[in-house]
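Written below as structure tokens is the structure these notes are about.
A, B and C are the chain letters, set down in written order, and residue numbers restart from 1 in every chain.
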Amino acid sequence: MDKVIALTAVTKAFGPVRALGGVDFAIAPGEVVGLVGHNGAGKSTMVNIMMGTFPPTEGRVERGAAGEIRCVFQELSLCLNLDAAENTRLIHRSLRGLGWRRRARAMIAGRLDAIFPGHGIPPEAKLSDLPIGQRQMVEIARAFTAAEGEGPLAMVILDEPTSALGEEATQQFLAYVRKAAGEGVAIVLITHRLNEIYAVSHRIVVMKDGRSVAEGPSAELPKERLVELMGGHAVPVEGEDIPAVATRKTDPNAPVMVTLPGAVPVEARKGDIIGFTGLDGHGQREALVAIQTEGRGAKAATAFVAGDRQADGVLPVWSIAQNLTISCLATIRRGAFLSPAAERAFAEEWRERIGIRMRDIDQPLTELSGGNQQKVLFARALAAPAPIVLLDDPMRGVDVGTKAEVYQTIRNEADAGRTFVWFSTELEELENCDRVYVFREGAPVACIPREALSQDAIIAASFQS
Amino acid sequence: MSVAPARAARRLSLPPSAYGFIAAALLWGGTMLLSDGRGGIEMLSVALSFSIFSVAVGTGQMFVIASGPGNIDLSCPAVITLCAYVSMNLMGGADGMLPVGLIAALVLGGVIGLVNYGLVRALKIPPIIATLAASFVVTSLAMWYGGESTVRPPQALSDFMIWRVGGVQVALILALIGSGVVHLVLHRTVYGRSLLALGQNARAAQLAGIRVGFVRMTAYAVSGMMAGLCGFLLAGFTGGAALNMGEAYLMESVAVAVLGGTSVAGGRASAFGIWGAALFLSLLVTLLNSTGLGAGARYLFTGLTILVVIFFATERRK
Amino acid sequence: MTAVTDVPTAATPARKPALARLAPILLPIAILVVILGIVFWMRPIAMSYFGLTLMLKLSVPLIFAALSQMLIISQGDLDLSTGAYVGFVTCVSAVYLGSDPALGWAIIAGSVVLQGLVGLFTWLRRLPSIVVTLGMSFVWLGLALFVLPTPGGQAPNWLTAIPQWRPPYVPLPIVVAILAILVFEVTLMRSAAGAVLRGAGGNPAAVTRAGWSVAGLRTAAYVLAAICAVFSGLALSALTTSGAPNIAPAYTLLSIASVILGGGAFIGGIVSPFGTVIGAVTLTLVSSVLTFVNVPSVWQIGAQGALLVVVLLARGLVSGDRT
């Protein structure tokens, strides 16, 4: 076989969720393939299957010529308490015995010099003492090291490798990718910076909804076409139809409730529903958390609906009622003590209003389905005496019916004068917002009013060109 | 209470707070079998009166442990000793000074608790080392202040500790009422709910609007106060303060809290469960002393019990 | 926790200044120098072969206990049973090593295996090490009481002879400290296997991804830690010529303090054998100094606590973000 790796009709399901829906992909030695797609398109699942982290549900994975496959992960897989040489030793078992450190140091320093001339990384420094950009250089260089006595390097997968690199280091990196490909290494590059893809890729694969929707030489896939393919217009919502969004009236003279600085400053008034979007991990969540915990930019009390339910929302020991009332304990207090009767009544009331499906409110929250857990977290925030509600991508893993109900609740609450700030990466959810701010690399860079909202508009602003 | 805590644990197995009681019941039953049922009540009564002290300091430890993984107060033995000396010296054996001595013990303990929390926050170091460093200093203070002097407790305090009405120790009843109050505080006040929420998931609690710093600070203060109370009562019971009086309570406070159903992962606490654990440990001492197996077996059993409980009670988390 | 690392930094911050990086190592040295300076100034006679031998002999068991604790801390755990285990070893030494060496060594070997299993299960079931080792401290204390119910016994002659040995020029405790530093700096800090072991404490996920068994590595760390603690117990029983179950409860806390004093961190697998040994020696010397400067003995333990706070405070101020 003349390919490094070939995937044929590969699917991957996690329980009922289908992350990959039949992907064909092959890469030859010396080829550079750019892999692009929006959040949840299936890129990382595909990377994990190529790395052998988990097997595909169906389909074939064939490995070609001998050689190692390495990956530079988005979240760095380095040990920060070790230096660069020691981290190199972790992935090379042959680096042991007398003089291993000298050899490891020569190996990583040589590669760093080759990729990032003038990098200035002291070889004896613990990585925790280095800034994040230099750590990323070490991780990249480590992926390209080859030890004597081990097989040649066959392929390197790079997942957002330049996120912390400066302009100069990025150019050095791209030049090296071309050079390594020239030496026969296959390279898969995943990045939201499309100019980097065009700078080095021979071929581009566009993924969407767990499939590869387009594939072709870079020259034949111009940027506009790429953006169109990633977003696309035909996103049929499976199952029930979401009711069309009723036109909302917003009052441009209402008092300002939330402001955030940026290239395009964020401003939300009383009764507004504003959206935060862009690629996942570009500072939207951090902005919401800062508003909630430090009150940054908020003009009134805030309540928070967690999207990462287990990490940020669920109190796993407790019942539904206890989870629901934690943000508004003052309202169920009678004298010095909380009133169980008041708590019960209050919880029942919100159960009705939000339509949480459960056996009874003393049931542990963790027994509910994801969607119903999410409704409880919604109820927790809505029940709190807070004029501003922050939604942190709260619809992950929520079924269509629940979504429709929650949309309606949010609109009703906004009409009643509450302000919502809603982080989401789903167009369908963002359509409920009066306007949407697109974040890139930590700050809002564009504001799209609802009339102009489209997947293309979001993607164009999310991907730097 | 009509709003019950989550039932999952109860349906799968017993609530963790029952472990101590079951172990204590088994132990007591076993002893009864061996001794043909003689002296059972006396044994129970002695074990209960010793439990008061470990319950007091264990309850404080429970507040700290419940406030989240990694939180622990290693300063209680030193606090017990210092507060015992300070309160005994202040009272000077005079019955009329009893309230002064009690308040002094509580306030001093509480202040040391606040200092503990201050170190945790200011130095950003794990509580285990912060409270350890504080305990070194407090131990020195106790040695300097107490030294060799032995001031006898006021007669009224000594009498109170052994006062029985109809065969029932009054201090025991008051201690049980105290646990009832702690139970109410934990489950029926804004503070208690906030503490348990914080212990389950500090980030979620913070995002839900809980003042994490204040709640945790109070937990350390409560722990200090309970250790102070323990020192006050213990000195009254044993006829005065002594330099090594707190020693046994370092491990014991953690052991009764954990065996009594306080989750080391945070967020679960039981005011009454501690009684089961304390009773178990006291019975173990009594039993092993009477069977001549000695302290070795007692420690071994205590250790194995902790290991078994932690092995089965820790929920697996990724 | 939100993945903060995903957010690209606008301006690449410079590497930490040299002072901040070296603080964890320079600070313990500076403290040791100051304390030695005070000792020699107060008691010039201490600056002699026999003065140093006498003053430092009790640091030897603490050095080994601290190195044992350091291995556990390198895995992100804490061992609250160190003191009890060291006591157990002194009992086995005083009861069996002289009369029935084979049985004695078998008991010690068995206890080391048990410590390894503790490490394995703590990892496999993700148990909190603080509570598990707390339970183990009761177990070791109980077993020690079985072996030797009251302090006493007799350590074997070959063992008690070791502290009597007077090497030329350099006092024995200093020789031991230097050897301990060399051995650990080479094996843990310089060797290829040591790098992987420390990596397992720093980022277990990354080490797993690179194809290593973290369970195996952590078991090894616990076994090595137990072996160090055995050395500590043997050294202590050699000095006291006997054994006692409750001889060393302070070692648990002093060993943790030594590691932290020596630049170790509770999380992230950051430890320093050199610093740890210096820390153990420093903590031993502190009580001598306090005696010399006429600090009443009651303040000695308090001064150790205050020293710990000051060091942590100083390190926090110099390096900014250390935890």
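Simple rule for what comes next: contacts are C-beta pairs under 8 Å (C-beta built on N, C-alpha and C of every residue); 3 or more make two chains touch, one makes a residue touch a chain.
Not measured: the values here are computed from a predicted model.
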By Cα centroid distance, the chain farthest from chain B is A
For this structure, I'd like the pair of chains sharing the most C-beta contacts. B-C
List the centre-to-centre spacing of chain A and chain C in whole Å, with centres computed as mean CA coordinates. 43
Taking each chain's centre as the mean of its CA atoms, how far is chain B from chain C in angstrom? 30
Among all residues of chain A, which ones touch two or more of the remaining chains? 289, 311
Among all residues of chain C, those touching at least two other chains are 1
Multi-chain contacts only, two chains or more: what residues does chain B have there? 203
Note which residues of chain C are touching chain B in the complex, please. 1, 78, 121, 125-128, 130-132, 134-146, 149, 245, 253, 256-257, 260, 266, 296, 298-306, 308-309, 312-313, 316, 322-323
Once bound in the complex, which stretches of chain C touch chain A? 1-10, 12-16, 21, 190-193, 195-196, 198-199, 201-203, 205-207, 209-212, 268-270
Per the contact definition, I'd like the list of chain A residues that touch chain B in the complex. 289, 292-293, 303-304, 306, 311-319, 321-322, 326-327, 329-330, 333, 336-338, 340-341, 343-344, 347, 361-367, 380, 384, 386
Spell out the part of chain B that touches chain A in their complex, as residue ranges. 1-8, 184, 188-190, 193-194, 196-197, 200-201, 203-210, 263, 267-268
So, in the complex, the side of chain A touching chain C is made of residues 74-82, 86-87, 89-91, 93, 95-97, 100-101, 122, 125-126, 128-134, 163-164, 166, 281-283, 285-286, 289, 311, 441-442
